[in-house]
Amino acid sequence: MIKPEQPRIEIDDLAAVVREAMAAQKHRDDHAFTNGSPAASDPPASRFPELKLQPDFQPRSNNRYHISDLLRYHDRAFVDNSYRAILKRPPDATEFARDLKRIRSGEFNKIDVLATLRYSNEGKAKGVELEGLKVPALVRRLGHLPVAGYFVRLAIAFARLPNQVRDQREFAGYVLSQNQQMTDFINALSARLTEISEGVSRVEDVLSKQLTELRTETQAFASRTSEETHVIQTQVDEIRVQTELMQSLVEKLQRGSEFHLDPLYAALEDRFRGSREEIRERLRVYLPYVEPVRGGLVIDLGSGRGEWLELLKEAGISVFGVDKNPVSVSGCRARGLIVVEDDVLALLQSGADASADAITGFHIIEHVPIETLVTLVDEVLRVLRPGGVAIFETPNPDNVLVGSNFFYLDPTHRHPLPSELMQFLFESRGFERVEVLNLNPWDSGRVAGEGELAERFNGLFYGPMDYAVIAHKAQT
Amino acid sequence: MKLNWFSPLPPAKSGIADYSFGILPELSRRAEVTLWTDRAGWDPQLEQYATVRRYQPERIDWVELNRAELSFYNIGNNHLHHAAIWQVSRQSPGIVILHDARLHDFFESLYRGQWRDQAGYLAQIEKHYGEEGLRIATEFVTARHGDYDFMAQRFSLTGAVLENSLGALVHTKNAFDELRVSNRHPVFYAPLPSAPILKSANTDGLPRPPYQLIIFGHIGRNRRLDAVLEALAQLSERNLFRLDIYGEIDDPKMLRQRIHTLNLKDTVTVHGYTPLAELDEALSTSHLAINLRYPTMGEASASQLRIWEHALPSLVTRVGWYASLSPDAVVHVHPDNEVADIRSHLETFLQDPARFARMGQHGRRLVETEHHPKTYVDTIISLVENAREFKLRQAAFYLAERSGTVMGSWTRLMTTDFDSPNRLARKIHSLTAQTASDTQAR
Amino acid sequence: MRVLITTVQVPFIRGGAEVHAEGLRDALRRFGHEAEILAIPFKWYPPEKILDHMLACQLLDITEVAGTPVDRVIGLKFPAYLIPHPNKVLWILHQHRTAYELWDHPLSDLVYFPNGSHVRDVIQQADRKLIPQARAVFANSQNVARRLKKFCDIDSTPLYHPPPDAEHFYCGPAEDYLFFPSRLCIPKRQALVLEALAHTRNPVRICFAGTSDQPAYADELKALARKLKVQQRADWLGPISGEEMRRRYAHAIAVIYPPTDEDYGYVTLEGMLASKPVITCTDSGGPLEFVADHETGVIAEPTPEALAAAFDSVWENRKQAKSWGEAGRDRYQSLNLSWKTVINKLLA
């Protein structure tokens, strides 16, 4: 939990809000004033407005001008426009510089320039009509006469004095207005510059924010990667733990603790039951019996080394095993098989009704006392779905050698279970279509020869060593 | 100490109603609580802890409201539950508790749906997101199938919710970081508090197959059910799992079809809306919860807390708040790789259910420490203790805006001439800010 | 000295505060100072307007006028007393009451607004912070000082002043009526007095003088009198001149003045000046600082029965009433209320 920070009021924040509100109000006022569609009246942000101190010059198509059309221009514009109007072309660099100098120095006045242009050869050739030029031009000419010209100029000057004064005033006013325009323009420019610079700093903010985000993401990625590494590390550690567990079990065995029987049993199994491959082959015979329940769930009670689990997995049938022996369980898990470490009966009892399609148990029923066996059979029936199948394989006491000798190789076996007894048991507890399958004869041990003795002998001592009870639950 | 609490209340079908009910006992121990609702009925159990007052946004007893020191307004995306609350919050400023960080859905359904005021909706977008926002929103309303997800991510409209508030309280660090930067209001963070569960947690030994998977809550498109079903269908050991789905389903027909097509009828059971007691019972017998959300509205999940209360491991999407959850307590599914991730996690579960059980225990510990209602209520109480500061701050900003607006009519240029904003700010500050040696008279 | 009196005006409405400010200004001028009243127009609804006006006061600059400094500022009412000045003295008539003792009260207005509590907090904050910035803080009465201490933990000195035209009050032989001069409004409790009138065992007669801000209220009171069947014994004089008022004071048996939690109350002092006993109530505030129960008047519970008993007691025992009135006059003298004292304290 983060303690609430004291929400102090910062003066800068307040000032910022004041400014924003001012700007917003100004914006509203401006738009109310212009009254036009906002989109249209806002200039595109990128273009700078131009300052036009003088209006553009539009050449006339009829080539008729009055001198006042041109006289209203000053300085550069005057020179340029005069050429365009009278000679219908812009001045070249030399002409421009020369005439501009003349105007600026006062040596020529505008009338002079106009007259010079108009009455030049080119001007005459172009024949542009320039009203009001003649008289002033003539007077100017007169003014240029030697001696008399001075008097003419003087007279003209006096006559023109009021005009001059007026002109001066006009000019002054003109200059002032030009200055004002320029000032306004500069101010507007400066405001635009401010906007732009604010825009730039906003862009900077955005960029820096994005950069920060990018950095954060990169860091997040880095930390995720380190997380994942951590996870892997954890898994490695777990494996190490499991290995250590195995080792400690082995040690316990050597020291003679209570788990010593499990590895012994595992070792016994290895020695007397047969190799994995042999067992796998033998168990294949049951595949056809679980085939009808493909798509359903098989539970293998007492899965041991997991050969049956492997077979089913390869066949694509869902199965999980149950075994109390942690060594077997971890061995199976190491092979990617699914095993629950639990007591077989406890697991069955915790199962829901009709939740499995097949329940198998290879060489387990000979380990339990008869009362437990009955309970086990009942639970199997309950947990099976209607139409489900139960398969239990156990050593076959019909084989005398098995029944009297080999059965007891496993000290945890209780007593041999005759197949007729098992068949009866399953039927009486409610199973249907109970069949017995006799399997795995000891062919290599048979005595040679024919005749009844050999047959009887072989039948009794070298016949099927195991049998399986295959029982079904009624469909409804 | 007295406070006002605006929230949907049980029996309204709202996670926020459950959340309010969850913290109410602890809250009422520390302060006098008045609950405000615009509905006619409420769970009588509430009155053990607080006074309940009914109101309408256009008719509310301000005198009663003003007797408390601070008002709290719980806002989420469901406009049916929160429209009235939002309207009151605009008039009497208080602390807004944001249960979702993205509120476009709220405004869109409220303006266009409930009030039939499309212009209002567009005006809100324009106000907070400018011309560009208006352009996008206009496209959205005229399109035949608007992209709601895109709009939700682009226009969180938290500014609109916080407009006249004293501050915001959020439940995810993401939202906290985001709002702090973009917002002028004070923002606070407290992890979402867990609600008490009605059935005790599952403390059996190791889980046994078939393993029970559970999905619950409001089942919409963002719960990624398609991906889950697909993953289950692909799993060869699917029969070791059972999946139960609890809660209101947006499109039940389509779901049933999908289950049928994928041949998962025996694996998946759909239950529909379930009362809380039954749900808790189902959770207590489950082994793995699936709580995928994508896209997210930036909310912290009360369901996730409920999952942890039951000491369950869970699958969550690596996005938003869920991405920040510890891998010791959940496993993550990447939104771009859902089916494969889900499958892989389920297979891992089969391999080592004990490890997942440990995750559940870790989650349980998390919920008891970080998400304890007591911790959350501590934050609420300290906010009430600072109520005066918030109000003064808001008054200061009100005056700043007011005086700025008045002055904006006089000044022609944008340049900061006369230094008025700073001088005004200083005056306002001296009028409203508390000095260090301020003594509280009451 | 050049003194500015900062106070508040509600245009077109005139009351005790205006009289008080003018009294102070005139007294200052009499004692040779230059004095002007600076009244700020004040609109207090909706509540955010109060904030606007507070800021406006804070922004005003009255440190000097046309180059000449203002020597002293005397602040009387909120928010005008917030106008800053380095030599400011406060003589608080009352704070913005609906943010304080009238907050959660039938007479309030602030509490009925959604942002009422927010604005209340700002007012309290500003008062707490800015009032102590004055050179000295005086209060209109002990009642006001007590409120200031209770709500804002600010110490202030009560400073009484004489009512207007104090020297023109006189005493005359008592005629058969009790006098109740006050603006006709709910806080002054004319309605309660009418109900008490209905309970008297004597044919007590009461002359009510004054107008109401809303004409409808005057009609309401008259209708109430009719309903209680006391209209024969209630005279409504309406607005009367100062001279007429003093005459009424002079010939009354006693003066009735039982307002609700009054800040000060000229009527009490005027009654004492006219050597008449004053009948007031236990929750009347200001008057209690001057009236001694059964010595200079009666302090009754604010119930019709208790007030009726008070009316009866002066109606029946004229001699006792007269001696109580004279004791009241003596008490007034002993208070030494004078503008001179007031001005000395304010300009110290």
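Order of writing sets the chain letters: A, B and C. Residues in each chain are counted from 1.
The criterion applied here is as follows: a contact is a pair of C-beta atoms (placed from the backbone, for glycine too) under 8 Å apart; a residue touches a chain by one contact, two chains touch by 3 or more.
A quick note: this is a predicted structure, and the numbers were derived from the prediction, not measured.
> Return the chains common to the contact lists of chain A and chain B.
Chains that touch both chain A and chain B, as defined above, do not exist here.
> Using the mean of all protein Cα atoms as the middle point, what chain has its own Cα mean nearest that point?
Checking distances from each chain centre to the full centroid gives B.
> Cα centroid separation between chain A and chain B, in whole Å?
So the centre of chain A lies 23 Å away from the centre of chain B.
> Based only on mean CA positions, could you tell me how far chain A sits from chain C in angstrom?
Taking the mean C-alpha position of each chain, the two centres sit 74 Å apart.
> Starting from the mean Cα coordinates of chain B and chain C, work out the distance between those two points in Å.
Their C-alpha centroids are separated by 55 Å.
> If a residue has to touch 2 or more other chains to count, which residues of chain B qualify?
Correct list: 392, 402-403, 424, 428, 432.
> Listing for chain A: what residues touch at least two other chains?
none
> Pull out every residue in chain C that's touching 2 or more other chains.
If we look for residues of chain C contacting two or more partner chains, we find none.
> If you look only at chain A, which of its residues touch chain B in the complex?
Residues of chain A touching chain B: 1-9, 11-26, 29, 187, 190-191, 194-195, 209, 227, 230-231, 238, 295-297, 313, 316, 318, 320, 333, 336, 338, 340-342, 347, 350-352, 355.
> Can you list the chain C residues touching chain B in their complex?
48, 51-52, 54-55, 58-59, 82, 104, 111-119, 121-122, 124-126, 128-130, 150-153
> Which bits of chain B are touching chain A when the two form their complex?
Counting only chain B, the residues touching chain A are 167, 176, 181, 184, 186, 188-191, 206, 208-210, 236-240, 327, 350-352, 355, 375-376, 378-379, 382-383, 386, 389-390, 392-393, 396-397, 400-409, 411-416, 420-422, 424-426, 428-429, 432-433.
> Which residues, counting only chain B, touch chain C once they are in their complex?
Touch residues, chain B against chain C: 60, 62-63, 65-67, 69, 88, 91-93, 388, 391-392, 394-395, 398-399, 402-403, 424, 427-428, 430-432, 434-435, 438-439, 441-442.
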